[in-house]
Amino acid sequence: MSLSVGILGATGYTGAELLRILYLHPQARIVYCSSRQYNGKALADVLTFFRGSLDIPLEEFDEETVRNRCDIVFSCLPHGASMEFVAGIAPFVKVVDLSADFRLRDVSVYRAWYQEHSCPELLGKAVYGLCEIYRDLIRHAGLVANPGCYPTSVLLPLVPLLREGLIDKDGIVVDSKSGVSGAGRGLSLRSHICEVGESFSAYKVGRSHRHIPEIEQELAMAAGAPVTIEFTPHLVPMSRGMLSTIYVGTTADEAELKGCLERFYLGSPFVSVVDEPPSTKDVRGTNRCLIFVAKHPSRPRATIVSVIDNLTKGASGQAVQCMNLMFGLEETLGLDSLPLYP
Amino acid sequence: MSLSVGILGATGYTGAELLRILYLHPQARIVYCSSRQYNGKALADVLTFFRGSLDIPLEEFDEETVRNRCDIVFSCLPHGASMEFVAGIAPFVKVVDLSADFRLRDVSVYRAWYQEHSCPELLGKAVYGLCEIYRDLIRHAGLVANPGCYPTSVLLPLVPLLREGLIDKDGIVVDSKSGVSGAGRGLSLRSHICEVGESFSAYKVGRSHRHIPEIEQELAMAAGAPVTIEFTPHLVPMSRGMLSTIYVGTTADEAELKGCLERFYLGSPFVSVVDEPPSTKDVRGTNRCLIFVAKHPSRPRATIVSVIDNLTKGASGQAVQCMNLMFGLEETLGLDSLPLYP
Amino acid sequence: MSLSVGILGATGYTGAELLRILYLHPQARIVYCSSRQYNGKALADVLTFFRGSLDIPLEEFDEETVRNRCDIVFSCLPHGASMEFVAGIAPFVKVVDLSADFRLRDVSVYRAWYQEHSCPELLGKAVYGLCEIYRDLIRHAGLVANPGCYPTSVLLPLVPLLREGLIDKDGIVVDSKSGVSGAGRGLSLRSHICEVGESFSAYKVGRSHRHIPEIEQELAMAAGAPVTIEFTPHLVPMSRGMLSTIYVGTTADEAELKGCLERFYLGSPFVSVVDEPPSTKDVRGTNRCLIFVAKHPSRPRATIVSVIDNLTKGASGQAVQCMNLMFGLEETLGLDSLPLYP
Amino acid sequence: MSLSVGILGATGYTGAELLRILYLHPQARIVYCSSRQYNGKALADVLTFFRGSLDIPLEEFDEETVRNRCDIVFSCLPHGASMEFVAGIAPFVKVVDLSADFRLRDVSVYRAWYQEHSCPELLGKAVYGLCEIYRDLIRHAGLVANPGCYPTSVLLPLVPLLREGLIDKDGIVVDSKSGVSGAGRGLSLRSHICEVGESFSAYKVGRSHRHIPEIEQELAMAAGAPVTIEFTPHLVPMSRGMLSTIYVGTTADEAELKGCLERFYLGSPFVSVVDEPPSTKDVRGTNRCLIFVAKHPSRPRATIVSVIDNLTKGASGQAVQCMNLMFGLEETLGLDSLPLYP
């Protein structure tokens, strides 16, 4: 089998990461790339490391072309724009949407955090693409809503524990830290090396980050009841990497918590429970997630630390993992890279 | 007035920061520097930016010399070593000890977290050098225990709120992030640029960091009852800077919380309440602390973010602030620098 | 004395560095700041670390106001724009222009590298503000053309050696490396932390950088004959700092070369000859220049390394040094800071 | 075919990079790893990203074991130590030595720059492992001396031009910049993030770096006459990457210089001539070398810029490329990775 793959918005960071993975994927062939900003140029003129290896133009989006040429399309367009394009192709090609447009099951929640939804009828058909949690649904999905990076880093450790009732659904505090690539390739003082280099900052403090409803939706699914979290994102002076430190109430001991996670992820090669607090460098450029658990010695509380690469497991790597599942391929195909160390 | 100042352990990062500040301090004269590692060398051969400006030798520690030559001594020695030296000079010269040796009021707590204390009789005489909280005591102190960096970043925002009963003493979660200089100039894979650069990590997860008893001691003083916190320190790939994100229970609203802090710090020029989440770069190289407060919109919880420079307000700048108070000088003397931007 | 100081273009990096230095300068009072981009805002809303300390508006440029209010004006405007504004105020107030508009003595050279010059009559009145070389002229100047950062790092080591005929005027190779702040606060992929972080690059390879005519003009003045150099600028993944590695022909030995520089800079406290190859961190945030010289053991060639902070001695620090000279103040006033270490 | 591969000194940075490449190499099986420092531990306990994937012990070096178990051995030991071990196994197994011990053809040059050579008889059998230059010799070699990182970045652009007589053998200036990983995983203030972060420095200025004789030896081979260069290495505040800026005399024009390189590297997929000055990020984590050429507009001089990843094409990637050649495999096997971007 060789899948014909299209990428909408190929020149941003999630697009570039998809290209990096798919170019070496043994069953994928990149046949279509669109870009609004660089439409008409050659891909290799924008992402110059493809010079001499990937000779493909950046085309304007065209529904007809996409339908005829692609087996699967990844949309790396911004939310709002993405659903417009996806609506036109979803009935005909398989789609993994990396925007937020199909992640929220409740259209009123989408409206409250983003805008009016232009194709609510598709919401019910979309599967949330967190592979380790929704593996079987993804296998049969036509439209996958690829999870956000923060949600991925939070849900992988918490969903199994909530499902088994080992942690409280109340009192969850999530303190997350992300490399700057999470903010994309667009220009802003917040990505200027002289402004954010050698500096660490919090942003959107106090329940204003749009990943909150997505996290709470999935935690609620796992807990079987509404969940409200405290969540603060931070910016780390580096390009890639995400670490979430999560504080939860629990009467279970450390061994029970770790045992639950180990059992849950037994058949999931990308997720591991580790014995030392991890670094983001341990997973840089990989599709891995490492989870560390420590029980408070005197209180019914535990601290959980998870790390992912925000562009790989937090975005494009997970999207390829979804593709593998959607086409019956080995889940890890094309995703077996080791971290770039040092 | 011109104070004759001595520094024990002058060539580590807190020693170097003291030298940087005191060299330009209008009322201080550096007359004595000791170093165990570089004993016998010229200071300017170790900290080369002093070449041509500060011509002083690195001497071996000698009690007699210190007593005769210095009005005040800063000890930057490691804990354990520091109390040995301080015991011999404290009765004769004023001392600001930057180690942990005199921070814990209860000798059994010191023993549990560090080791046997060699001069417990001095513990009762030491004043905790958090200037904005203990200003009057410091003015009359002979021995000041300079606070740790993490405690400074946590206590400045929390002590006023606990004293006024505006936040709960239970359920406090402290998630702190520090630049690597906090780990000192000593060599370790944990400070190798290829290991920690472009990476973010948690360490001592789960109540094992030695700053915890110091934080809890002072929070208990403010609350009038024991306080137990959840605390996780993290390492940021940068040299200087510290940010603490603190989650607390409260029924007060944002204006009350901010108002309390603003009133408390009215006469304290180094501490400000700000309207945007701060960056560590806002305070780099300064003695400032910025505090941001955000109330959770639906729960009785608030998120507080504070930033300091771990080497300045978190160590040497605060030590000089203590010196200013101990000698009746203007509190801000020699500490009015602006952040190095960009 | 207290000088009333104005800054045109106060919110870029050279403007911010001027403000940082002048705010603590004992004889300067900042009375006027203009900004095209942030006109109407308070300065402290753009450069937030001035909150609570420098309460001044960002005004639109107005000749009348500047003439009435200021003793001296620093122009941090881009070339082209700068000469327009300077022409209107130069006859009435002292001006230090940090743009390139008055650095080239020959108007046809300016035209060839930049554009048509709008006030060539002022060119002859401008003094090139390299203090250690043109100290006496600067003392009596009304209009100073502040040198570029690359030229400063190249001219300080080479001018004395060329004047004494110790090095050849032919065969000079200059390989320079700059922190990203040299490119300014404007937004570009070339300052995006994900693009330039963890990366090193050359740019404008092959005689296209606009600092070349400025360097060659001053080298020719020193040599008494035309000089043509090879020059390559590079971008270092850091904010501040500049290092130039210069390869020259010479029959002199190391001692003669160093001796010449040491004699020349005897009364110049900011310039030092050092015995170990320097780092940019040695001068970060200071007005210093360090020079290292090594003779080739078998060929009549020598390698010279110089370091400066591109924003301080390479721009705003030098501009303040000029101001001190222009008003008969101590040359080092307000410029005695130590590097921020570590 | 499946090659059984051993690595001596597996836990340093070149060892780790070999493991990263070989682990995914379709024809290699890692069967033996030695480490003096971590002898007895599991590899995955030192390089933790191998947990769960590469379960192999770190053994003490044993000649007998190596001979029996390995088809090829990579030595990542330091010079001096390496030749001792290699002497015992070279007659029996193929060896790629990443140290400097077999790079210099003249034993007296080795003695002058390093120490007495313990097995000079092997020197004549060693092939210099610069694949694009010595491809055919490497195919039949039993012992390959893997080139140094600086030499690789200099020789790839210069050897073809010297061979064709397009550039002068005199007057070559090489200004090289390296990421800190080039200095290895050992601990030193020169790799402490607080010392070298946010700083740029020159080191070993003035003909003292040990890569000089290696570069001059190979340039002389290409020129057919002795060559003496000026060479200065620099340290960039990043982990990986190397850029060399090379200044040469030439009467050829830009097109001739580029044409010569393009012809020479026609069958060499890792080396490309590019039209824009390259960044080290363009090749990070890859075995590529990019070369840019610019002619001086008025002088018979040209500037050449080359970039490699010092740990890949500059060390372990090139070593694997040698292995591929030595065993008749496709030269690019296991080396087709794209740069980690961003």
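For reference, chains read A, B, C and D in written order, and residue numbers begin at 1 within each chain.
In this section, a residue touches a chain if its C-beta (ideal position, glycine included) is under 8 Å from a C-beta of that chain, and two chains touch if they have at least 3 such contacts.
What you see is a predicted model; the values in this text were computed from it and never measured.
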For chain A and chain B, chains touching each: C, D
Between C-D and A-D, the pair with more C-beta contacts: C-D
Longest centre-to-centre distance from chain C, chain (CA-based): A
Matching chain pair for A-B (criterion: over half of the contact pairs shared, by residue number), options B-C, A-C or C-D: C-D
Interchain centroid distance [CA atoms averaged], chain A/chain D, Å: 37
Centroid spacing, where centroids are CA-atom means, of chain B and chain D in whole angstrom: 46
Whole-Å gap separating chain C and chain D, where each centre is the average of the chain's CA atoms: 39
Contacts with two or more other chains, residues of chain A listed in rising order: 13, 179, 181, 185, 194, 196-198, 237-240, 284, 342
Touch list for chain A against partner chain D, complex: 13, 16-17, 20, 23-24, 47-53, 181, 185, 197-198, 239-240, 269, 272, 274, 276, 282-286, 336-342
Complex contact set, residues of chain C against chain A: 13, 179-181, 185, 187-189, 191-198, 237-239
Interface residues, chain B side, partner chain A - complex: 171, 173, 175, 177, 179, 194-207, 228, 230, 232, 234, 236-241, 243, 245, 247, 277-281, 284, 292, 294-299, 301, 303, 305, 342
